[in-house]
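When the chains are written out, they are named A, B, C, D, E and F in that same order, and each has its own residue count from 1.
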Amino acid sequence: MRGLYIGRFQPFHLGHLEVVRTIMEKVDELIIVIGSAQYSHTHRNPFTAGERYEMIRSALIEEGISCSRFMIVTVEDINKHPLWVAHVRSMVPTFDVVFTNEPLNARLFEEAGCKVEGVPLFSRAMYSSTRVREECITSHEWSSLVPSAVSEVIKRIDGVTRLCQIHSSDS
Amino acid sequence: MRGLYIGRFQPFHLGHLEVVRTIMEKVDELIIVIGSAQYSHTHRNPFTAGERYEMIRSALIEEGISCSRFMIVTVEDINKHPLWVAHVRSMVPTFDVVFTNEPLNARLFEEAGCKVEGVPLFSRAMYSSTRVREECITSHEWSSLVPSAVSEVIKRIDGVTRLCQIHSSDS
Amino acid sequence: MRGLYIGRFQPFHLGHLEVVRTIMEKVDELIIVIGSAQYSHTHRNPFTAGERYEMIRSALIEEGISCSRFMIVTVEDINKHPLWVAHVRSMVPTFDVVFTNEPLNARLFEEAGCKVEGVPLFSRAMYSSTRVREECITSHEWSSLVPSAVSEVIKRIDGVTRLCQIHSSDS
Amino acid sequence: MRGLYIGRFQPFHLGHLEVVRTIMEKVDELIIVIGSAQYSHTHRNPFTAGERYEMIRSALIEEGISCSRFMIVTVEDINKHPLWVAHVRSMVPTFDVVFTNEPLNARLFEEAGCKVEGVPLFSRAMYSSTRVREECITSHEWSSLVPSAVSEVIKRIDGVTRLCQIHSSDS
Amino acid sequence: MRGLYIGRFQPFHLGHLEVVRTIMEKVDELIIVIGSAQYSHTHRNPFTAGERYEMIRSALIEEGISCSRFMIVTVEDINKHPLWVAHVRSMVPTFDVVFTNEPLNARLFEEAGCKVEGVPLFSRAMYSSTRVREECITSHEWSSLVPSAVSEVIKRIDGVTRLCQIHSSDS
Amino acid sequence: MRGLYIGRFQPFHLGHLEVVRTIMEKVDELIIVIGSAQYSHTHRNPFTAGERYEMIRSALIEEGISCSRFMIVTVEDINKHPLWVAHVRSMVPTFDVVFTNEPLNARLFEEAGCKVEGVPLFSRAMYSSTRVREECITSHEWSSLVPSAVSEVIKRIDGVTRLCQIHSSDS
C-alpha cells in the first residue's frame, strides 16, 4: 500500500519526521509531496523546493529509513482549489491513501473519491515550521526543533541569514 | 560528486537507461530531472510527470541501482529560456555537473557557470522516445525498446490506447 | 437596450435579486457577469463559477424572469486593472450600459468610453455576501438572506459544511 | 437529464445546430461550453467568446429553442489535459452526460467517471468551422453554411474583413 | 561604468530624485528599472508603468540630466524570487553595479555574482511613496513631495481622483 | 506629436533604422516598443529584450538621433489579441499616432480609437530580421544588413554562436 503526505515543509522539523515514521508503519511506500514548490525567499516560504527536497531526504536517511520506501515529489501550487486533486494526481505516482488533518485538503481528496486518513499530532505547539522560522530570526535556538540533517542543510546554505534578510525586507 | 541529467522521458527507454548507467560510473549520486512536467495527454508528451516518475524509478530499481544513489525531480517548463537555469537550480538539490548533449541546454548552463559534460550516444537511431511513441501507434512492437518495468507501467495505465486516442484526436 | 451587471455573487442573495429586478425595469436584456470565476473553496470565494451560474439562473427563473431576458457569463479575473474592460468586452456579448456602484469599476468603464449608471442599494447592511457566509459558519440562520432557489443549491452541494471546513483550514 | 456539449464554435455553423437539435431530443437541458474562450483574432480562433455566445444564443432562439432549455458557458483553455475535466466541472452547472465524438475528450471524461455519448455526424465534410473560415477569406460564399442569425452577427462585427486581415497578417 | 537602480516609483518623488543624482556622480550611465510594471489602479500601485516612465523621464530632463546618461526599463514581477535576477538580467542592458538598500534584493544579486552598493538615504521619513499616496487622498498637500514634472503628469491624468476612487473601492 | 512604432527587432536592422528615420521626420518624439520581450534564445526570438534595447539605443545614437527624441519600452506578449491595445497603453507613455503596416495591429489599434499610419517599406526583401538570422547561421555575411552598432552588440554577446546552437538544438 502506498500513502501520500503533503506539506510545505518550511522547514521539515521533528514533528514532520514523527508523522512520517508513524505513517510508515501503516504503508509499504510513502510519497512525500513538497507543495508550494515554486516559492522561496519569502517569510512564509524561505527555502527552495530543491533545498526542501535535500532536507527531507537527508533526514529520512539519517533516521535509517530506506530510500526505496519513500518518493519525494515537488508540486507547484496552482491556486485553484477545484483543480488541486487532479493536479497532484498528474504529478505523482499512483497512491492508495492520503494522510492529512487539514479539513479542506481532506474534503477535496474525498470529493475526488480518494481514501483519506488523519495523522497523529505530535506536540503541535512545540514543533511547527512557523516556530522554527521565528526561532531562527529571534533567538537562534532553532536547531533542536529539526533533525540534525536539516540543521546541516540550513547551515550550509546560510539559511538563518536569509531568514533575517527576508524579515528585514518585509518590515 | 553529484550529476544532473535532464529529459522529458516520454517514455524512458533503453537508450536513457544506458546513459544513466554510464553517468553513474562517474558520479556518486544522480539527479534525474523530468522536464515539461506539467504536460501530458499530447502526442509529444503522452505521459504525466507522475507516470514518468514511476517508470524511471521502477526501471532503475529493476536494473539493480540503489535508490540511495539517485533522486528524481519533476520540473515544469517555464518557456522563458534565460530563466531556465535559475528555475532548475531552485527546484533541485545542489549538483556539481550537468550531463547533456543538447547545445542550447549546454550553453545556458555554461553561461550560468555550471560544469557541463556530454553523454555517450547509444544507438540513437534505434532508441528514441519518438520512435517508441510511433511504434505504440503503428506496429505495437514497442516493448522491446523500453525496460520491462516501463513496459509494465505503460500496460497498467493502458498507455497504448491513450496514444492511439491522442493520435486520432490530432488528425 | 442591454445592461451589464458584474459581481462575484458568493453567494447570490436577496439584495442582488432586488438589484437585478430594478435594472430589468430599465433594460430589455441583462448580461450578468460572474467575476473571479476561477476561484472557489476559499473563505472569500467559496462557490465555483458553475455553482454560482446555477444559483443565479434558478433564482431568476423562480422569480418569474424569462430566460430570454438575461445572459449569464462567467469571467476569470486577470488581476491587471488596466486590461479589465478589454477583457470583459471580449468575453461578453455587446452591451449599452454598465450598472455599478463600485468607484474603480465605474472609472475603468467610463475611461473606456462606456456609459455607467449607479444601482439602488437595498438594505446593504442586511444583505451582503459576507454576512451570508458568516451566518453559514456561525449561526446557520443564513437561508432567509438568499432566494429559496439559492438555498436549495447550497443544501444540495452541502455548502455549509464546505464553508465550515474552509473556515477551520484558514485558522 | 442534463447534457454537456463542448466546442470552439469558430463560428457556430449548421452542422453544430443539427447536433444541438439532436441532443435536445434526448435531454431536458443542454449546457453548451464555448472552449478556448480567451482566444480571438487568430486564424484558428477569429471570434471572441462574447461574439460566439451571441451567435449561439441568437441561432438557438431563431431555431425556436426555448432559452430555458439551454445554458451557454464560456471556458478558458488551461492547456493541461489532466486538469481539463476538473476545470470544466468547476465552471459549469452539474450535468449527467457528455456528448462528444472527440476521442481524447471522451477518454478524459470517462476516466473521471462521467457518462459519455457520441453525437451523430451531419455531413461533416460540408459543415466545418474550418471550411466556413476559408470560404470567408476566399470566395465569400460562407453565409449558406451558418444559421442566418450567425450570419447577421458576423456582418454586424465586420467579421469577414477581420478574417482577411488576420489572414494577411499571418502570411 | 553602468549602474542599475530598481524601484516601483509609485510615484517617483524627491527622495528618488536625490538618489538618482547621487548615483550619477559615480556612474557613466544609469539603468532605472520600473518594477511591478504590470500592476496599476491599486492602492499600492496606482500608476501604470507607462505613466511612471513618463514621470521619471520628465523629472530627470527637468533636473537637467541628459537623456543619453539614463535608460528606463519597465520590468514585470514574476513573483518567484529565485528567478528574479535572471529575469532582470534578460530584460535590461548589461550593467556593472546594482544600487540598493533592500536586504533581499542585495542578497539575490550578490548570490548571482553581481556587485551591490548601498544608496544614501535622504530623509526617508519625509520622502516615501506611501506618504505621497496618503497625502493625495487625505490632505492633498502632496505636490511638494514630488518633482514638479511628476506633479504635472499626476494632474494631467487626474491621478488624485484615481487614488481616491481606489481608496473608496478598497474600503 | 508622439508616435509609436512596435516590432520584435530580432535583430534591429537597416530597414528598421530607415523606418525610424522616416517616422522621425513626422513626429517630435518616438516610442519604440520592443514586443515579445519575455522571449529569447529561440530561433524566432534569439536576443533578450535587454540586448535588443541596447542594440536599438546604440544604433540610434550612432545615427546621430538625440536620446531626448525617442523612448524605448519593452513589452511582454500577453497572447490575447483583444487585450493587446489596453496592455500596450498601460506600458508606454501616451502617444498620438501608431505607425504600422501590419493589418491586424492596424485593426486592433483603430478599433480602440487610435490614429494609425502606414510606414514606407525600404527594400523589405533585402532587409528582414529573418534574413539576418539565416545569414548568421549559414553564410555569416550578416553584418552588412545591420547598423554597425548592432553588429558590435551581436559580436560582444557572441550572438552568432548562440544562433547556431539554437539552430542545432531545434533540428
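Just so it is clear, contacts are C-beta pairs under 8 Å (C-beta built on N, C-alpha and C of every residue); 3 or more make two chains touch, one makes a residue touch a chain.
Remember, it's a predicted structure, so these values are computed and weren't measured experimentally.
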| item | value |
| --- | --- |
| Subunit A on subunit C, rotation in degrees - Cα superposition, rounded to nearest 5 | 120 |
| Subunit E against subunit A, contact positions shared by both copies (same if over half, else different) | different |
| Rounded Å distance, subunit C centre to subunit E centre (Cα mean) | 37 |
| Separation of mean Cα positions, subunit D and subunit C [Å, integer] | 26 |
| Between subunit D and subunit A, distance of the C-alpha-averaged centres to the nearest whole Å | 44 |
| Residue numbers of subunit D (touch at least two other chains) | 40, 48, 80, 82, 89-90 |
| Chain contact graph, described as a line, ring, star, complete graph or other shape | other |
| Inter-chain touch pairs (all) | A-B, A-C, A-D, A-E, B-D, B-E, B-F, C-D, C-E, C-F, D-F, E-F |
| Subunit A contact footprint on subunit D (complex, rising order) | 78, 80, 82-83, 85-87, 89-90, 113 |
| Of all residues in subunit D, those that touch subunit F in their complex | 38-42, 48, 161-162, 165-166, 168-169 |
| Complex contact set, residues of subunit C against subunit D | 37, 40, 48-51, 53-54, 57, 61, 66-68, 71-76, 89-94 |
| Residues of subunit E touching subunit A in the complex | 80-82, 102-108 |
